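This is the structure I want to talk about, given as structure tokens.
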Amino acid sequence: MIGEFFKGLFLMIWKVVTDQPDPKVEFVSVFPATIQPIISVLLSIVPIIMVFASLFALTTLLERKGLGRIQNRLGPNRVGPFGLFQPVADGLKMLTKEDIVPHSADKLIHFLAPIVLLVPTLLAYAVLPFGQNMVPIDMDAGILFFFAVGASTELSIFMAGWSSRNKYSLLGAMRAIAQMISYEIPLIISSVTVIMIAGSLSLVEIVDKQSGYHFGFLPHWNVFTPWGLAGFIIFLIASLAESNRSPFDIPEAESEIIAGHLTEYSGFKYALFFLAEYLGMFAVSGLAVTLFLGGWRAPLPFLEIVPSYIWFLLKLMGLVCLFIWIRGTLPRLRVDQLLNFAWKFMLPMSLINLFVAAIWHFTSVWNFRGAGLGRWLLCAAMIAVPYVWLGRTLIGNKKITHRTYRFAN
Amino acid sequence: MISDAPGQMGMTSESASQVPLPEGAGQSNYTVIPKTSAEGTSEGELLEVAMGPQHPSTHGVFRMDVVLDGEHVVKLKPVFGYLHRNHEQIAESTTYLGSMPYTDRLDYLCSMTNNWAYALSVEKLAGLQPPERAEYIRIITAELTRLVNHTCLVGFLLQDMGALGTPLMYAFRERELILDLFEALSGSRMMYNYMRFGGCRVDLSADWIEQAKQVVDGYSRFLDEFEKLLTENEILVSRTQGVGVLTVKLAINASITGPMLRASGVNYDIRKVDKYGIYDRFDFRIPLGDHGDVYDRYMIRVLEMRESVKILNQALRDIPAGPIMDPKAKIRGFRPKAGEAYGRIEGPKGELGFYLISDGSPNPYRYRVRPPSLINLTVLEDMCLGETVADVVIILGSVDIVLGEVDR
Amino acid sequence: METLDQIKDRIEAAVPGARLEIIPNDSPANQPSLLIDHEHAVAVAKFLRDDSQLQFDYASNVTGVDWLDAVLKEKVKVKQVVEGVEKEVEEVIEKKRAGYLEAVYHLYSMELKHGPFILRLRTENRTDKVHLPSLTPIWRGAEFQEREIYDLYGIIFDGHPDLRRLLMWEGFVDHPMRKDYVEPDDFEYEPTPHDEVLERAKEHYPAEAKP
Amino acid sequence: MGITFAIIAALTLVSAIAAMSLRNLVHCALSLAVTFAGIAAMYLQLDAQFVGFAQILVYIGAVAILIVFAILLTRSSETPQPVISRSWIMGIVIALAVFGVLTKVILSSSIAQRELPAKPAPTVRQIGDQLMTRYVLPLEAIGLLLTAATIGAVIIAMHDKKGRGDGGQNVNSTPSRAEAHQHADETHNLIT
Amino acid sequence: MVPLYYYLIFSALLFSVGLAGALTRRNAILVLIGIELMLNAANLNFIAFWRYSPDPEALTGMMFVIFSIAVAAAEAAVGLALIIAIYRHYRTVDLTKVDSLKG
Amino acid sequence: MLGEGIIKGMVETAKNFVGSYHDPKRLTTVEYPENKIPAKENARNFPFLVFDGVDADKGLRCVACQICEKECPPKCIYIIKDTVKKPDYMGKMQIQPKIFDIDISVCMSCQICVEVCPFEAIKMDTQFELSTTDRFENLLLNKRELAKPNEYYHKIHPTEATEVDERLAAEKAKAEAKAKADAEAKAKATVAAAAAKAAPTPVPAPAK
């Protein structure tokens, strides 16, 4: 029995490491049939929680270090070698901190809000393919599921803001909801392009559609097409807004409304919010990787020997680093500008992109000489022209000009 | 409603009417005029928010009672005094020299110019004339202070705008270099207590001048870097242009001074108008804005820094040798003749003036600071009306206040 | 800029009935000032702001001064017959001066770039007749400074749009910049152990003075 | 399966009753969100994945949020009314009557006893195909309706910007402040 | 296996709750919530009938629900916009007080 | 408005990110307890009392003239004069302070006491790590804690200390010369008187 257990465990690990199909089967079969489904589910859930929770810890450290370096500081370097245990220290601090609930707060909702935020965020991971043969549920309507659970996080932010009975919290919650609703639309429309081209809502299938290489080295990722690139950028901007990251960190704008809906949270509840926010960011970047960057696929043919999930994580961390870089550079937008940007720029651009993707789809039947290049240039132009036009008129009636200054002697 | 007693001293507001007056205090039968009630709070959609005194971007303990319609400001009342320590009363009960270190603490980012303004006023009162080398030293330190203040201000402004401290850290990186210079000169990094009536406390060495030249050279490179990071940034431009506009008429009528006034397009710089010190010997220009919005205030400061670098280059090149104290000046037993004087300089934040009345004793009879930070806040409400909460924060940032000076 | 005398004459011509007095200044700064009366203060200020040759559009500094009741010693030369010879003898005359509060305005012109022109307003006494006309309607820049004077000196400016305490909290009773202001005894055990306030407080509240 | 159904049904019903009876409107809206989630779970029970997710996306992600927004914007709280009033009793009675009639009909109907057929496998592709072929006209109509509704909602809810701006201006400027402004305006030409 | 009438009775209950709420509460938003509940009960019926129909592959019930959800979203948007407009006008959303026709 | 400014800014931060690894000049911070920035020669923090020789009580330059107490703006100095005169470092009979307290929780490091002291007795220290658990007792420094030898002064402010020593030496020399001259004059007078009396007495040695 024990021997079988270890054999099954070993086989599973071996299969995971070498990217083989159905790694769980041998291990699960060790157990009695009645508890096999539970074991199988646990085997899917536990690694997700472990991997992404440790990724969260790593990211907080990476973020502080990276921001430190951007700002010519050293960043945390006291706890452990190179400050590696800083997240542990932070976590301990959070756990041992007093949990303060405002006297007039709505206690129940104040308590529920972080949980209601965390659960859907974790649920979103159910449909992400982390590697070859590594998807918890290959759902037919995978993306729809992802967006459905993503949409329900808004309510929890409202709960947090409203239940705190703090004007700043309420302002923050209102801002958060306005922002998330506005950016959900470009987010969904830009992923619709991919769905359209792939012809499926299943994320596994979308990754499959991006297999193979042009000319033997350029992978068939969506990001290497004009609509894909534009869609990727729109998706990235919208996901920055969805995960409340700078320059869209308006709901938590420290300099304006203290910490928005987080103002009255402390201790473990605050840590839960923090965790959920980062997990949300990972999930949405994971979706971006899946939709546009070829999911777990290797960038070059000869790199395919590296396990697929490594590629997924690398791409994910790449996006996270980009987010950190942006955070270290840009100031924050204002609420009305943010909404203007969403409705007057992101939405038209994503609709145009949808149209261009359709054209891309229909021109795939072109087979004259230079058709590929022609198609590429046509689509690129169809995106670039509206981009420049929209960009120039974005400000509308407000006169934003390049100014020159007078000097008096 | 928002609670109002800052309660930083003994008496609390609720018991104030019962508290007997201290002996000999003025027999006050004046009525305390009640605070104008915020009209419209009862209206359903208005939200009254107290921004401060523990708000991250009020630059200290400062409060604004803001009435919001959604995110738009319909009323804004600044509330001062949380840091009030009755600086003027302290100064009136100590010697002329004893107030010098207190002036450091007014606007703790620009102690050198505070020192200078006070020294200048006392020199006017007592008829002292600092020697030429001292004037040069004063101009060098004042312009370095202007660099420090303006860089930090831009950093704080961007911090208020949510740039997560990156510009602020760059500003502080350069500020460190100048603070090193000041420390080598005066012994302290912030509270210099450097100027004396009729000169300066210690002389600067040749090494110091070399070091200062290097710092000044590096500064224009840093300004290029800073501008690349910020000036064309679309977010910054769209956040600041057209926000917090201050009209020329209002700016003059409300006694606004400093970069804020010049951003509105008024050519008034006391360095040029009064030609105090030896500013008339230097070749520099006054940048002027046309719109009077936050962007102009930001740009005026950047351009002023470039002009300051120009002045510094000239001053460091031309500084003569010689004594640094007026031989008539005394450290101990300094008693100016009875009379009064008002002296002012162009501080980095605006006109910093000191009004002194002497009655012939070692302590000033009346000592008054004209704080640019406080008076520039007169128009805060006018600039903020109709703007959003986020704009209020950056408008306040662009006014450039230091609470040590506002509340004194 | 014209001299103070010239300006005074022109004001008297422009604002009939204005009672003006030039207050000399003995210090090397040589900044004499003009004392104006309450009734015509606003008119005089408006004239100073709007006159094309003066254009004092900028009220730089507004401040209060507290003058206590004082005994002024004045040396007067008196002809006296001393030992049968008439001689000029200096005699010290003691004059009692009732205390008053004063508001001082330092005016400059941004347009013409001259100044300062110093304006003074005096209250009748320090206790009950402490009203002065507010010049905030003329120079908005005086708004906070007049509020500060009201707060710290207790001068009531009639016509000020929003006369509230500025630095002290509402409900605070005294005016702490007055010369006869006595610090309250309340203390924390904060200051230096040799602090006089601490000593005084220990005397007044022996029960609480246990560290 | 029966237990799952019972749990979901109980949860949904309790939250529905809460949504209709709680005093605090925000609590009502949040209970409503729970009800919606319960109904979505019911759809999943009935193997209608697509509709279940659409239910969450639309009802929790949009309708519940809209309701919450409306509550906050109107700052409405119900004025207390006697628990047993005439209209209250009437409402309950009518609802109970409707429930009685429905139950009677359902229990007497033969369809209600129908057996569960084999699990269908409606893929999203199938739904899409159907929408684009058989139901294309309703789809277009719905699209039109949604657009019209959006525009209509925006127009109805839009503030009268101008009027409000003036009102705001009046609120904040005390007469004396206005006067000061006027004086500022009177100041003559300026050097620039 | 859960028989069909469980679902039907459950949906009837839900409908009645919504109806009771819509009839008794005076706040316009709560009335709207009641209407939403009734709509959802109806939708549930459609799905249940579709699932238990002899030919579930036909997708008719499901289609109906999809359209119904879309209509409900539109209805909620317009309804809430109306409520906000009413609130602006009357400063209340109490339906018993909103009784004058003249603007 | 096409994002060029944002790209420019991001390039700038990337440069700083990379630069922070190979350009140590960019990193202005030091890791404090291990590394310390060497104090500048002019640096000042809190005052201390200078004494000559080895005995703090005897060598204290302070003569309790109380000028610094009067001039101190925050009034953090507290002096009580001793009633008896003791010989100072020069051997002259001087009054020394019986109590000399400085409350450094009040002191604002303005250096005015140093400037007004006519006896070069009080100087500024550079020591800044003074945190204690008791902010009242432990931050009230008494005479013993304040007294530091002249060598320490030389260590922290070498240039200034040398100048001071030279000045003191010059003063001393002057004083000695004067004393000598006085003594000689006196001696002469005595001699003259003695000569007149024709009974010379030994000349009293000048102090030290």
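Each chain carries a letter (A, B, C, D, E and F) given by its place in the written order, and its residues are counted from 1.
Assume a contact is a pair of C-beta atoms (placed from the backbone, for glycine too) under 8 Å apart; a residue touches a chain by one contact, two chains touch by 3 or more.
Since the structure is predicted, the reported quantities are computational estimates derived from the model, not experimental observations.
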Practice prompt. Going chain by chain, each one touching the next, work out the least steps from subunit A to subunit D.
Written response: 1
Worksheet item: Which chains touch each other through the most C-beta pairs?
Response: D-E
Worksheet item: Looking at C-alpha means, what's the farthest chain from subunit D?
Response: F
Worksheet item: By mean C-alpha coordinates, which chain is most distant from subunit A?
Response: C
Discussion item. Need the CA-centroid distance for the pair subunit C / subunit E, whole Å please.
Written reply: 74
Fill in: Between subunit C and subunit A, distance of the C-alpha-averaged centres to the nearest whole Å
66
Discussion item. Based only on mean CA positions, could you tell me how far subunit B sits from subunit C in angstrom?
Written reply: 25
Discussion item. Could you pull out the residues of subunit E that touch at least 2 other chains?
Written reply: none
Item to complete: Send over the residues of subunit F in touch with two or more other chains.
Response: 1, 3, 6, 9, 12-13, 16, 26, 28
Worksheet item: So which stretches of subunit C touch two or more other chains?
Response: 57, 110, 140, 143, 162
Response to the item:
Interface with subunit C, subunit B side, in the complex: residues 4-11, 13-14, 16-17, 19, 21-30, 32-36, 80-81, 84, 86, 88-89, 124-127, 250, 252-257, 266, 268, 273, 336-344, 351, 353, 355, 357-358, 365-366, 368, 370, 374-375, 377-379, 407-408
Worksheet, complete the sentence: In the complex, subunit A touches subunit B at residues 67, 70-73, 167-168, 171, 246-247, 249-250, 253-258, 327-337, 395, 398-401, 403, 405-409
Fill in: subunit A partner contacts - residues on subunit B that touch it in the complex
47, 49, 55-57, 71, 158-166, 169-170, 173, 229, 233, 235-239, 241-242, 265, 267, 269, 272, 285-291, 295-296, 299-300, 303, 388-391, 393
Worksheet item: Once bound in the complex, which stretches of subunit E touch subunit D?
Response: 1-10, 12-30, 32-34, 36-37, 40, 43-44, 47-54, 56-57, 59, 62-63, 65-67, 69-78, 80-85, 87, 92-94
Discussion item. Using the touch definition from the top, list the residues of subunit A that touch subunit F in their complex.
Written reply: 66, 69-74, 77, 325-326, 328-330, 387-388, 391-392, 394-395, 400
